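Chain lettering (A, B, C and D) follows the sequence in which the chains are written, and residue indices restart at 1 in each chain.
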Amino acid sequence: MSFRKIINDPVHGFITISDPLIFQLISHPWFQRLRRINQMAMSYLVYPGAVHSRLHHALGAYHLMHNALYELRTKEIEITQAEEQAAKIAILLHDIGHGPFSHALESLLAKDVEHETLSLMIMKTLNEEMDGKLSMAIEVFKNTYHKKFLHQLVSGQLDVDRMDYLTRDSFYTGVIEGMIGYDRIIKMITVHDGELMVEEKGIYTIEEFLVSRRLMYWQVYQHKTVLSAEMTLVKILERAKWLYLKNKLTVEEDNRLGKLLFKEIVHFEKSHLAMFCDLDDSDILFSIKNWRTHPDPVLSLLCNALLNRDLLKLRLQSEPISIEEFTEKKAALEKKLSISAEDSSFLLFIGEAENSLYDPNNEKINMLFKDGRVRDISQVDTPLIHQNLSRPVKKFYICFYQA
Amino acid sequence: MSFRKIINDPVHGFITISDPLIFQLISHPWFQRLRRINQMAMSYLVYPGAVHSRLHHALGAYHLMHNALYELRTKEIEITQAEEQAAKIAILLHDIGHGPFSHALESLLAKDVEHETLSLMIMKTLNEEMDGKLSMAIEVFKNTYHKKFLHQLVSGQLDVDRMDYLTRDSFYTGVIEGMIGYDRIIKMITVHDGELMVEEKGIYTIEEFLVSRRLMYWQVYQHKTVLSAEMTLVKILERAKWLYLKNKLTVEEDNRLGKLLFKEIVHFEKSHLAMFCDLDDSDILFSIKNWRTHPDPVLSLLCNALLNRDLLKLRLQSEPISIEEFTEKKAALEKKLSISAEDSSFLLFIGEAENSLYDPNNEKINMLFKDGRVRDISQVDTPLIHQNLSRPVKKFYICFYQA
Amino acid sequence: MSFRKIINDPVHGFITISDPLIFQLISHPWFQRLRRINQMAMSYLVYPGAVHSRLHHALGAYHLMHNALYELRTKEIEITQAEEQAAKIAILLHDIGHGPFSHALESLLAKDVEHETLSLMIMKTLNEEMDGKLSMAIEVFKNTYHKKFLHQLVSGQLDVDRMDYLTRDSFYTGVIEGMIGYDRIIKMITVHDGELMVEEKGIYTIEEFLVSRRLMYWQVYQHKTVLSAEMTLVKILERAKWLYLKNKLTVEEDNRLGKLLFKEIVHFEKSHLAMFCDLDDSDILFSIKNWRTHPDPVLSLLCNALLNRDLLKLRLQSEPISIEEFTEKKAALEKKLSISAEDSSFLLFIGEAENSLYDPNNEKINMLFKDGRVRDISQVDTPLIHQNLSRPVKKFYICFYQA
Amino acid sequence: MSFRKIINDPVHGFITISDPLIFQLISHPWFQRLRRINQMAMSYLVYPGAVHSRLHHALGAYHLMHNALYELRTKEIEITQAEEQAAKIAILLHDIGHGPFSHALESLLAKDVEHETLSLMIMKTLNEEMDGKLSMAIEVFKNTYHKKFLHQLVSGQLDVDRMDYLTRDSFYTGVIEGMIGYDRIIKMITVHDGELMVEEKGIYTIEEFLVSRRLMYWQVYQHKTVLSAEMTLVKILERAKWLYLKNKLTVEEDNRLGKLLFKEIVHFEKSHLAMFCDLDDSDILFSIKNWRTHPDPVLSLLCNALLNRDLLKLRLQSEPISIEEFTEKKAALEKKLSISAEDSSFLLFIGEAENSLYDPNNEKINMLFKDGRVRDISQVDTPLIHQNLSRPVKKFYICFYQA
């Protein structure tokens, strides 16, 4: 009997794995670790259902890749067995470079290295372990493979990554109006001159996809309470590091978080990968739980705030936060808590959030018309996807501890 | 034990009727007739699941009215028992004036009378039967009741009618990306100065609602095949009338359709109501089935086209259909079928479909900000709901028989 | 580009038709007529959402057949292209012999001919039209094809017909606890010695399937109000025929219903097929609407009862209805309405409803164990699917008009 | 404006909190800690979606309690405001005594104390903090309150706890055939002589509920891989303790897990509560991650098995595991790994799993008939819920490391 594993997914139904190499990758400890990394970081403090893991998302994206390739083949797009395997591996591993709490801590744990770069480093390491079997997948991932559409399915405006995470995040948060028609999008894609396109009649579904993404962005990913929680998480680690550098915080020799957070890694290299892949959400939570009772009042305050969901206040607005307000609030806080200006910067800070509906300059959604013409969606004659889309929405926030 | 009927609804779960007067209305033959009127006319020729009835939609809208009033009361908006009953009756009966195949035949069966006018006529007649118990409901329906928000819930940009039909039509067609967050909208509405408003934080859900409505419009309600089928239905009845006036089509004395279609009713009056309310989809289908074998080739051709789903071709485009194309195609058809210019006008014709995302001139979605300000959604600082929304999208079509 | 039609289905997502012959069958007027036949007859009087058509169910079952064959092939069961086509055609047409209101009128319109026999007659006629292309499908349907499992997928304890209608009926009624795990069942089936089997680990899903079917039976299909409505429908047609034979009811020469209902067809033959396939729900409804005002008080009473949902009362119980109650109620009714004993038999009658959870004698669900043994599910060591299952539950009812 | 918090729940829609006391309880750190305890322990190793938290389940059960009380009131059952609050608090806190990984570690962390006892201890402590405001809730929880049905809604055969967890677990695992009709059950419950009953017509829904529960039990909760993972978790902690007692494992002074696991607490008392409530899943995971590299080969083997999902094999069967097989396998393992008999008992062991569909002896589902009679569901005349139900199904397993 042929190889076959089936996995239940409340979002897509059954996911089937019928390629032993793919199952081997899923079974790898570095992939299994994604079970212990929450896909949506701190969103579950607002949406209690949003506790799904990165592993679950990766499996879902793999499943959509399978469906997308199947559809393209019915449209007589040639895709070899090897290309199918490569595209599936590329999507399965596209986010393997994520660390604990995903995006929230991205810049802190592997300094100046984006998760895509880490994903690539990990893929290369796995490729060595597996005698080069991932070489084509790496080409697809890096977009050096000649069939561009394979890369575009992994990473592009209409990749299966987005289709899965928007659908999955909408499902798990219960924000049903964020539901996109991923099934219809997959039916509507095609390949023209080697590039991924959407058939003309898919235009409204694509519009709806862009607007749903925007809704999810502001209503979920950048919800003010989520933002506050994720910034608190960042401030906790920054404060811990600050204390460590001042010798006010010690860390066990074998503490996994400490190894990465406190060491000044100038160039993140392959030799650091094992350390990185050893981390997951539980390491961060464990340390935060420890620090609840740390003598530093700022650190303990932040840790308790996060764990007890007694968060810093956060206000989002369209205009920049005025210097007056910032200065005034900061001074008041310092006075109230008898803390220094440096201390207070961990408890009161400002920032920006930004999102564009669609940026025709550096990304493209090409529509293929029945008459063979190709036009970017922003060029299509419809008043919604038009001039305004490229202009990103920028919002400003102030986040502060309120005693 | 108190009065209570529960009705299963796959869309909203259970619908509860706990007011005997409302149950009496639901039991009325004129309401029960809505079971035999398809909510989405001919859409089921494209979306086979779209076979739900007007009765089902009316019950769903009633249910959402119940939920909306419940929410408003938790926000300390005063709504008396009598007002609750009135609003529920108004929504239950808001569409009772629809005839067979709903909008598709609206202009043909009750000449120059819109379905809202018919709904009002029916409500008045029922009010007499029920000793004036519907008087306040009629006031709400006509918008003469002093609490404007009750009318706005029945008929306005964010009424429960739209919330139900968009949700229900999305559900039954399977166009899941048309799903709106009706539950969240209901949580976000409030009343300010007697008018229905949406709280500030509901803005993305409202945006998504408008875009989903637009998607449903073009992808479902005005889908080219649906449009073709509904125009074919219209042409069938027009042709039948044309033949009748030429004494080429007879009709049984007691034929229910004939009574309305072939009589030249100058002013539609209360006395015609019983005739109107005696009609439903089965009457139309029955006659169309009879006419499949009528000696007039145009009539029989159209009837077979509709019943066998072998429809006229239809092309939708952004530019008006050129006179050249129209003239040329028409001449060719006349020659091919050896028919007159008058005959061919039933088999080849042009038309327009139009939809605006949001028209700030004659409808309003008021947003209530935390600071107490009220602004129309088109005035809110967000690049999506902006200038372009008021400009309606107009499309042009040519529909033609292709031998 | 290859042939491909996609159809939206709220139940299964997208249904793809990629075989021109199958599309040709779907386009046939006899198949299209299934759009106008309600899958669940009168159930919509209790469950307003249950208005889906026979055509929709046939498409859904076709889709599940596609999935089932796909799964079996991944288990290395050999299925040729021709067999795939044959199995798909067989399931698509398995119910094409249904007439108006499906089961409810089965015995009345094509006397003594079951719908399966009619399906076969229709398939043979279509086979002639299509130059023998349906020959293998007919073999599969009749179970004369050597690979038994293909027939078992069309018609057996675990056929895709049941999987679709239970799922679809549960979906459209909103009786979510009737939901079966059809997706898992399809993953669990296999073929052993040419017969369809279920893998050992599917046992709980099969149990749940049987119990859900039982729930749907009593809670939906044989719900007392549904039963009352469907018996009323039968009584209407019986009364009409009775009046016709007494020359008290005339019928237009060209009335489609009359042709079948009132003619004494001794042997239903191929020559009657066209008449039969010309009928749909609208013909029945049209006549019932006419008969509301028929001078016969029994006929008009029944027609109004059905159309206005002011139904006869019905009581279901475990014991047979006592003769005393029956006689007493009947006499009282005759007195009250001043009608004869013969007349009253249309307004007051008794009957039985019966359902077995699982009958191991004439149907089989074979379980295939890991060690290669095969056992009927009733032989598996689990206390639920055991001795009691074969004993059918019989219920008795009295149905009566209550003035 | 009145107090109101709304929470998105993908399972039930919106959950509304309108009572400040209840919000205060939800905000308590001991309740918030439930966010970090997985409702389904290790099930996510088989069902990757099953990562929902105890907090989410508690909120869901609270929501169903709200709905159930609302329905009972419409049936004119008297429930005071204070009783409503008490019942809602009782259900909200009913599982607050669960520790990390819920049931899996129940017996290990608070020796000989069941989670219900812990819940009660915690409720009493919170009651002191809150000046006795939870007193009636505690009475309801302990079943000393005179209106028995309130307790039965919290804890009984048809309590809202089960309704929520079966529904939620079915939703998050994707085992849709486990879906129960909780909405219908809530519509069907009533109170008779102070006890919770189900109306006669709910019988099939109750049957389906019992069978779905059984399916969830064997297919999910006691799935062989889940069982293996949860037993591995237990063995890890047992081995760690064993090593600790032999001075082969040290633990930081402040390790939260160590405090409870390694101390010989003879009587678990109120003074231990704070320690217990300080634990969550992250503490266990953190230690297991540490122990992957512990010098003890048994401990490190088990920790790697769990984290990398490279689990012990487990076989479930109807007959007890034979002594021969056990002895033989154990000897072989000892030889292969060169370990002692004591060591091998952590890597190879046998056990039992047991589940009854319905036990009429110590739990009751009372059905209330229209004629006023009350009968236990096992006495109702239906062949499914009959003699066999009380007989529990017992299965036996052997779980072993396979090198």
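Everything that follows uses one rule, which is that a contact is a pair of C-beta atoms (placed from the backbone, for glycine too) under 8 Å apart; a residue touches a chain by one contact, two chains touch by 3 or more.
Note that the structure is a prediction, hence the values are computed from the model and not measured.
When chain centres are defined as mean Cα coordinates, C lies farthest from subunit A.
More C-beta pairs touch across one of A-D and A-B than the other; that pair is A-D. Taking the mean of the C-alpha atoms as each chain's centre, subunit A and subunit B sit 42 Å apart.
Our note on geometry: subunit B versus subunit D, Cα centroid distance of 49 Å, whole angstroms.
Subunit A and subunit D have CA centres that are 32 Å apart.
Within subunit A, the positions touching two or more other chains are listed as 13, 175, 183-184.
Contacts from subunit A toward subunit C in the complex involve residues 1-2, 4, 6, 13-14, 16, 18, 74-76, 183-184, 187.
Within the complex, the subunit A residues that touch subunit D are 7-11, 13, 27, 29, 32-33, 35-36, 44-49, 51-53, 55-56, 59, 171-175, 252, 254, 256, 278, 280-283, 285-286, 289-290, 307-310. Chain contact summary for the complex, subunit A toward subunit B: residues 175-181, 183-184, 204-205, 207-209, 211-212, 214-215, 218-219, 318, 357, 381-384, 386, 388-389, 391, 393.
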